[in-house]
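Each chain gets a letter, A, B, C and D, in the order it is written, and its residues are counted from 1.
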Amino acid sequence: MTLADATLVPAADRRWLTPSRAAGLVLLSLLAAFALIGPLLVLVDPTEQDFAASLAPPGADYLLGADHYGRSMLARLAYGARLSFGMALLTVATAAVPGILFGLFAAWRGGWLERVLELISTVLLALPGLLLVLILLAFAPGTFGPLYLGLALTLWIEFYRVTKATAAGVLKQPHIEAARLLGFGTPYLLRSLVLPEIRPILTTLAAFAMSTAIIAISTLSAISVGLRPPTPELGAMIVELLPYYAEAPLHVLMPGILIFLLVLGLQLATRNESL
Amino acid sequence: MSRMILARLLQAGLVVLVVGVLCFVLVRALPGDPAMRIAAGRYGPDANITEAAELVRRELGLNQPVLVQLGASLGQLAKLDLGRSLVTGLPITKELRIQLGATLWLSGATLVLSLVLGPPLGLFAGLSRGGWVDRASLGGAIILRSLPPFVLGLLLILFFAMLLGLFPPAGYGTWRDLALPALTLALSLAAVSSRVTRDAVSAVARTPYIAFARLKGLPEPVVMRRHILRNAAIPVVSYLALQAIYLIEGVVVVETLFGIPGIGHALVHAVIARDVPMVQGTALAMGLLFVVVAAGVDLTCHWLDPRPKRI
Amino acid sequence: MNAPTRFQSLAVSGLEIRAGDKAIVRNVAFTLAQGMPVTLLGASGSGKSLVAHAIMGSLPAGLCARGEVTLDGTSLLAASLAETRARWGRTIVILPQEPWFALDPTMRIGRQVSEVHHYLHGRGAIEARSHARSDLAEVGLDERAQAYSHELSGGMCQRAAIAITHAAGALLLIADEPTKGLDAALRDSVVKRLRMEVEQGRLLLTITHDIAVATALGGMIGVMLDGELVEFGPAAEILDRPRHDYSRALIAADPSRWPAPQLPPAGEPVVSATGLSKRFGEKALFDGFDISIGRGEIVAIVGPSGCGKTTIGNLLLGLVQSDRGRVELKAGVSPLRFQKLYQDPPAAFAPRQTLRRGFNDLLKLHSLDWRTSEELMARLHLVPALLDRRPDEVSGGELQRFAILRALMLDPVFLFADEATSRLDPVSQKDVIWLLVEIVRERGLGLLLVTHDTALAQRVAAKVVRLER
Amino acid sequence: MRRNWMIAALIGLSTIGAAEAKPLKVVGPWEIAGIDPAQSGYLFSRMQVAETLVSVDASGKLVGGLASSWSTEEDGLSWRFRLRDGARFHDGSPVSAAIVADTLRKVHAGTGVFSQVPVAAIEPEENDVVIRLSKPFVALPAYLVNFSTIVLAPSSFGASGRVERIVGSGPYRVKSLTPPLNMQLEVSPEWTGEKPGIAEVDYQAVGQGETRALMAESGEADLVFSMLPVSVERLKRNAKLDVRIATIPRTRLLKVNAASPLFSDIRVRRAISAALDREGITKVILRNSDLAATQLFPKALAGWHVPELAPLKRDLTAAKVLLADAGWTPGADGILQKDGKPFSFTLLTYASWPELPPIATAIQAQLRQVGIDAKVSVGNSSEIPARHKDGTLEMGLVSRLYSIVPDAIGVLRDDFRPGGSDWGATGWANDNLNGLIESMAATSDPAARLPLQRRAMEILQSELPAIPVTWSELAIVANKRISNVQVDPLEVNYGLAAVRWAQ
């Protein structure tokens, strides 16, 4: 029940840096450091094989063990984190930027433009995303370009839809009309008034989209259409190591743990306490 | 209502056209000799593919101009004739009956399981926001979202099939075979739907009409059943529908892992083998399924929420 | 309905509501008796709704009530959660504010009434339905049992909520801002309905900021200020001879008691329109409407909700396009000098921006100086410290004054006040309206007041236009 | 409410599931991609649904199938195959010479291996099928073992001449067929031979190797074919399971384009061979270092394996010397160069065999050690033949089966003919070898053929038009509740009819 006396109640603590945000940010910075600086510190070539160390457990020679070819897990994880996180970030950015822009545009202008965008997104949704990715990949198998283009092509729709729906709601509010009467232009309205309203839901969406992208790449590796070996990529590493699950379960889980930490960090950092 | 059905029919028609043309154009535009691909798809990796490809080329008329082939393909589609698979030689409709059927069974079982798992958990989490159920379900959701489906599937096999011996690790035919693949997919789906439910429930629980339902004297279980559930179901249903679409496509790895002759599996093989009619057939089936699901969601939402919609 | 025993009295003494260590409501004591309803008057934020919820036992988490609240000798505060819930509906029932938000949007009205009979009183489905029909018939809604709340008008929703409280059968009725958002005619009918409740033997506690409601209900009046009950006594006595300063201000704030504004004659028109017509779907709002507002002139448009009075203001500002007719703005004047004040002040400010940020952006956009705004702020009794708050952290009156400040920064020649004070308490309403009157006098701008409060319009405006539905 | 209903439904379903009688549950990786014999005939042959004229026993010796015996005229041009008495198809109709002749004529016009036989005419004569050749070809009966020559009843074919159902003549008949993954069989009442021990067989195709292993371990499957090397040790430790391993005539080899400037020099091919750590690859990836291919054929292929040949083995020093001799010198980045061009190429492979991409990855790292830069590209299995055809192939890692006909000469003849073939040599020809192979084809005396085979192997070992990497083995897991499981290294017939429930 809405209480008319709400202002009597002391205002909730509205610090931006809540404990969960802080934890998330620390986690993300650690992961970013591992992905960016890790490859520079680990001087081992992630593709160098040493059959004598096949599936070596974590220990002195190999800090995090070695994979079935005897390649250093630490080096592969660091390089893999750089590639996977970078690629996921790029994919999500490629999906989010047009998705948000189109969404804002459709909510703002409506009319035939909205209808055309609506049509494109509906048809794309009805077209199996897997088909798109597979077909794009067929043009340049094993490379990174079509992979991320195909993923972005399926991921942008969610950003578009959410942005459009949320922005349409915000745009109907009186404060937008008031700002327009006060002489503010469209860019200001969208940037300073609409975007802050839709930011929380978009960051949550982006966090999940990051993990979706990494998992999708691993899924494609599993049907042998992912990146070409010996590229260290977290999703592909899981697929490569999976047959050895009985002998080296920890090795299989390591890339998964990195993905988990990334999603957890993103979730914590973007979590909205008031929601 | 009739306008909505009309719009959906229009969408269905559009999907058929776009998918038909796009599949043909895209698959044909792909690099590589389709006859070679088809031959490899038919006779396997031990055969003499070059020789077989020549026969395939002659048989399928692949040396005709591409536009003539596109015309023939669309003409067939217009007559609602999906043709025969270039690889197996079986009518596409027969292939789809098996493969779409398998996927529908799997998806159905998944949906039921995820409904049993996700929303109730979300309900508890939403009613005790910040409590341990809420936190644990958030952690669980993140773990499930970070695990590739085949890893999850393998873990489930190890636990339910190897350790407990409850279900077979793979196969297709009886409901027991469906249990583990459906659970694999359902867990991922429930991870998301539990969070959506949790947000919806906690939003609805704070509305003035729920407060009034309590204040007018209804016992809490009645408030829950008659007011919270229905209103919280609206966003959950519309979200679940979108997820169900990802489900139908996302099954490919799970189908391979569990040996289920599903449509995702068929699509991957068809694209690899450049089997245009099969790609068209599977993509059409998925596209139309999307339209049907979307229409179903529209109807459900309309039933759940009588308020007029925008547009 | 089986005749439950009537309650004789509700006694509140030493009521205190605490949020953690801080007492946000203190020293509330009053008695409510048969035939003697109590009305708690006060601005929003004075704690009157919290008192209602303390009695009900439905305070939000984090707040707790201390003191004595006894209903015919039974202590309500000492009750366990289960006992409190068992009392809801059966013993005490609340008539919610803004009932269109308090009805389940996905359930038909009839079912929302009959479920009370079924689950509270254990009646069978058929019996519950027939009881619900008679409850609805009693409030004149028997035809609309199959309707959803979005298909009903505000007044109908209010009556539906009353039917629900009847079905619940409680004999202590708490009406929480029952007239909020309703126009004068609907307000009167709701008050009449509440009087009937008293005559039927219910105990009635009303929470309102509307003095007209308090006057019409009679009985006892309590005045609340900053969480304290500053005055309590018979209605007639308090309305005639208020003792506390705030009570005096509150009663003097009733538009019927305002002095007449002294305004010079109107100058040349700043906005005029001829032959305006507008339809929404099937319904024609108005046809061939003429209006003209001159410099230094206050024009009011009054009428019931839904009559299209806001649309006229929006037409003049060009926010809505008319079907026919023309609008003429004073030639050679920037369109930025035609401004609007909104009905719901929090909705007219960006929710995630501090006020300072919004003002900074505005000043930067139009290359204005902070100094002018500082002078204006003082003039509008606004403390600079408030600038660092967000819209939901200042009171409605303050926020509406910020809205006036914002409009004045652009040196307007015309201001459209759209129900600008309908959500404010009487004291704030008077402040805001009189500020506007003074500004009209000083700057010679034209003011269009759109309101459902005829008394207010007649008191302030030189010209009053009436629109019928 | 809803949950109660669900539980009730699940309980209901479980009782239905439990009531069925138990068939022999067979799991393999092979999908039923179309039922045309040219496509899936191998499965119907292995599962003993359909028969070929000739078959093989466990030792690889040709034995009767649909034909009880065969003979050839002096000239080696006319062959007579006598059909088994009383052989009937599953629809009850007799297997006639006319039907068999018809079938073989059709197969010969197709693309299977049988089309490579120099056939002049195929005629039925009473209960015999007579095949006339245009030139002597002693390996003819071996070609008739190939699955593409299975004989189906006329009722198998639809109006358009397509195969619509499988009506064979073997001990099992198809009860239900659900492509691409399921097939159920039952004992055929028309079968006159020894009665199969288990009345029903349920075949399930499971592509994922891990899943197949788990099906064996959980006891869900009775007989599982083709285990991943990593699972084998674990399965062997399982007391309930019986793991059988057979070396099969399949070799994974590097198919190099000997016409390309990179590999035309025989020293480069030898250097690449010497750079390979076959022992490491087999030990780590295949988990059996005995599979390191020291020559093209494994020991089990008697007569073709030549123990005296100098084994192919790792020798990095030798590799480097050979490369330097061929004019390749290390560049600044460690990659070899010649005339300013780096030794860099694409190593093409495909995922139809799950072990190929990992082996390619290992080879890439090993070649890098001698300064050769190979980029691994995992594509479709048709890409290597396509690149072979248009001449753009550089190097491919392929898995070659030499038992398409039980006599390895069938495949050799195709692989190393002038112009090469899909899975054989590219841009390499050797008249000497071709002459040897043609002589073998015309020589019926095994002893007389031996020196020819030996000579051919010597040529291949020294020229290396295809660089052998590893041999293969087939791992089969049988649950101990069944007995009499045989392993057929030629994968012609799984002998399911002989399997019995153990006591």
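Following the convention adopted for this analysis, a contact is a pair of C-beta atoms (placed from the backbone, for glycine too) under 8 Å apart; a residue touches a chain by one contact, two chains touch by 3 or more.
Here the structure is a predicted model, which means the values were calculated and not measured.
Peer 1: So if I look at the partners of chain A and the partners of chain D, which chains show up in both lists?
Peer 2: B
Peer 1: Would you mind checking which pair of chains has the most C-beta pairs in contact?
Peer 2: By contact count, the leading interface is B-D.
Peer 1: Quick one: most central chain, C-alpha centroids?
Peer 2: Taking the mean of all protein C-alpha atoms as reference, the closest chain is B.
Peer 1: What chain is the most remote from chain C, judged by the mean position of CA atoms in each chain?
Peer 2: D
Peer 1: Between chain B and chain D, what is the gap in Å from one C-alpha centre to the other?
Peer 2: Those two chain centres are 36 Å apart.
Peer 1: Between chain C and chain D, what's the gap in Å when you average each chain's C-alpha atoms?
Peer 2: 85
Peer 1: Suppose each chain is reduced to the average of its Cα coordinates; what separation in Å results between chain B and chain C?
Peer 2: 50
Peer 1: Where in chain C do residues touch at least two different other chains?
Peer 2: Answer for chain C, listing residues that touch two or more other chains: 58, 96, 98, 101-102.
Peer 1: Where does chain D touch two or more other chains at once, residue-wise?
Peer 2: 210
Peer 1: Name the residues of chain B that each touch 2 or more other chains.
Peer 2: Where chain B meets two or more other chains at a single residue, that happens at 32, 154, 208, 211-212, 215, 256, 272.
Peer 1: Kindly provide every pair of chains that touch.
Peer 2: Between chains, contact exists in these pairs: A-B, A-C, A-D, B-C, B-D.
Peer 1: Hey, which residues of chain C end up touching chain A in the complex?
Peer 2: 19-20, 22, 24-25, 44-50, 53, 58, 60, 62-63, 96-98, 101-102, 177, 227, 317, 319, 336, 338-340, 342, 344, 347-353, 361-362, 365-366, 393, 395, 403, 406, 410
Peer 1: With touch defined as at the start, can you tell me which chain C residues reach chain B in the complex?
Peer 2: 56, 58, 85, 88-90, 93-94, 96, 98-99, 101-107, 115-116, 119-120, 148, 150, 161, 164-165, 167-168, 170
Peer 1: Which residues of chain A touch chain B in the complex?
Peer 2: Residues of chain A touching chain B: 1-2, 119, 122-123, 125-131, 134-135, 138-139, 158, 168, 208, 211-212, 215, 218-219, 222-223, 235, 238-239, 242, 245, 252, 256, 259-260, 262-264, 267, 275.
Peer 1: Would you mind writing out the residues of chain D in touch with chain B in their complex?
Peer 2: For chain D paired with chain B, touching residues are 2-3, 6, 10, 13-14, 16-17, 33-36, 38-39, 110-113, 115, 162, 178-182, 204-208, 210-212, 214-215, 217-220, 350, 352-353, 380-383, 385-386, 388-389, 399-401, 404, 414, 421-423.
Peer 1: Per the contact definition, I'd like the list of chain A residues that touch chain C in the complex.
Peer 2: Counting only chain A, the residues touching chain C are 1-11, 173-175, 177-179, 181-184, 188, 192-193, 196-197.
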